[in-house]
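Each chain gets a letter, A, B, C and D, in the order it is written, and its residues are counted from 1.
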């Protein structure tokens, strides 16, 4: 795969200047994706590690013991679906990216940081779903993830040489909105956690539903909304 | 690798229309497989995480302590073989798939959901192998996995542009039967769990045996059964 | 990458016969390696999951508490080096393999089964290093792994179409010996566990040392020992 | 991808001599990277596995219970950032490497050994941040990692056939300094642990800050410092 830009930058290769072939290797996103997929695989299965086969104590039936596992199971399913949503979003974004640089590599690592804590946040919310502090921690994690997505989107789309094909202005705005909008809603839920915990919880529950609805709507109307063509 | 179909759809690329090269990247199944293999690697080793070196208490010999680990070990082996079977099936199916779309990506994530719970189900059954509730949970997981396999098979084979080569009608039916048949048997075992727990357990134990027998039979007769040529 | 053999087998492609391109995908070893590397990554780090930061109880210093972690640490290092040895061996073997079939896929899964239990065996030996039952379990695992390596080697080298280049008779024998010899030594240690536990333990400890010595010797004499050219 | 060197070494292929294509496979670094990325994914998420949803006991509020998790959380973040730094360094180094040999494969495994223990070291330091023994263990791990980085750098740059493009003398020295310098600082912190624990702790805390500062400085001055062109 010829790399015209780099060739142009380094026409006469001498001394210690990296060759175009080496430059491609230095900027190859493959390992960024490998690490990210590994981390996502662990995040997706993280809460299942906590669902153990119960040991029955006297006077307990297995059905009762299993009923006590229900909050763990609900937290696992929520965390699984959320991690799935974020993974699909990450895959969509990095499908646009042809090369990485150190900035992008680090932004991606910093994106994984709040993501790793998401199963803990989901588990906390599954166990204490009306406690303002649990609602705020969960909201904070979701806001941080959204912030990192916005930062990565702006960073990558401002550097056309990192992309397979630079998006036009409408597409840039659409991508920004897609990352920013959930962040703002989660910020609202975070701010409401103390004064209106039930409303806050309802927002957290509603957003994944909205996500799947919006996919369905966007897909059926994709011919007209060409700016969403990037999001498969 | 030229992508004639997409080129045909987008002959004049202008404004924000994705290039054929980018379209291939957006539909590349590589990361779907990377995530899936990561999740399978965790599932396969999940129950081994629970087999700890025993600490001897007074009057206990190591042999006695290890004997108490036997159900954990049996559950690990069952779960390992089952996950291996499902992984081989997933590999066979996705070897046919050249491109993914958002629907297929999400169906695959939803397939991983009951799969992640399978080690828990196997552990539960290994510990309480005559309890109807354990038999029903295990059966429910196996039925859900079978349902997702059928849905993915129908989804993919109905979209020839996602495949390397569209299967003919006989092959579609053979693939459907291969995914549907175990599901129906597991449904039966699920329904029998309350009235005939021992029969239910026997069915769960018999199916992996049948699986290996059917592979052997199919392979020896593969020349005649051309519709199974896809399943290596 | 042209696949002459398969083209020869399927010159006239009609009905549901898979195309050469699809056949390559069905036999691609990529996912077998991805799953295996994922499992090895977990095995390599498995015992580290059990080394927790100690909580000090009254009258205990941190140095004393850490001293109690020493057997866990030793078991981790042993298990790490062993898994490293097996991973290098697996990488050497599968570097020869161009295509997989269902038999090889399943043999590889069955190879991973005793491997997953190896950290448990190493942990057990680290904790109870003179108990015959611990020595026997550890030896049994090592023998099973060696058996699976022999079986995979024979299976693959008997099927030249699965290989990049068929080995000649001397190379086949050298590969067989490299897999068989440690297995026989471990079998001896297993059999000695009850009557001479200390000798058995000494054998387990000596083999990794022998492994690194033999690498060094083989590498320096590699020009003459052309049959080991495959083992980098 | 033609491999002239190997072709030159083996012009007349006969008997059991590996073909150039097979030789490339035997030296392909792909699986080394796959294993390493898998191990890094686990290391990065290792401490998050220990942050569990607290169960409230009588008279405890959730806020108090969460406050007790703070040291675990701090240890997770430190360990995450450190593992991120090492992963970026590993990615930079192996982007230069075109082929591996057995020596490099084993050096990489031995590099992963202290790395796997780093989360334990970080957790220990997060919990007992003024205890000399904790400071020494943490320092020892960091020194061992630095030693392995230096060894790998020297090993690879002394074998030009393993590299995409051999670095010149200035680049070799720059790479050596980049691996050696933190090692020496950590050695100092290790030696100071007993006599000046607070200073030792300050050094551990300062180095990541210095790392990010030096990146920023090097990047802005990269045109002049051509020897750092390899480090993206």
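Please note the rule applied: a contact is a pair of C-beta atoms (placed from the backbone, for glycine too) under 8 Å apart; a residue touches a chain by one contact, two chains touch by 3 or more.
Please read these numbers as outputs of a predicted model, since none were measured by experiment.
*Asks:* For the homomeric pair subunit C and subunit D, should the interface be classed as same or different, according to whether the shared residue numbers exceed half of all numbers used?
*Replies:* different
*Asks:* Could you work out which chain's C-alpha centre is the most distant one from the centre of subunit D?
*Replies:* Farthest chain from subunit D, going by C-alpha centroids: B.
*Asks:* Could you give the separation in Å between the centres of subunit B and subunit D, each centre being the mean of its C-alpha atoms?
*Replies:* 36
*Asks:* From the mean C-alpha coordinate of subunit B to that of subunit C, what's the distance rounded to whole Å?
*Replies:* 25
*Asks:* If you look at subunit C, which of its residues touch at least two other chains?
*Replies:* 34, 38, 41-42, 49
*Asks:* If we count contacts the way the header does, which residues on subunit D are in touch with subunit C in the complex?
*Replies:* By the definition above, subunit D touches subunit C via 15-19, 21-22, 25-28, 31-32, 34-35, 38-39, 41-43, 46, 49-50, 75, 100-102, 105-106, 109, 112-113, 116-117, 119-120, 123-124, 126-128, 131, 133-134, 137.
*Asks:* Given the complex with subunit D, which residues does subunit C contribute to the contact?
*Replies:* 33-34, 37-38, 40-42, 44-45, 48-49, 51-53, 62-63, 66, 76-77, 80, 84, 87-88, 91-92, 95-96, 164-165, 167-168, 170-171, 215, 219, 226-227, 229-232
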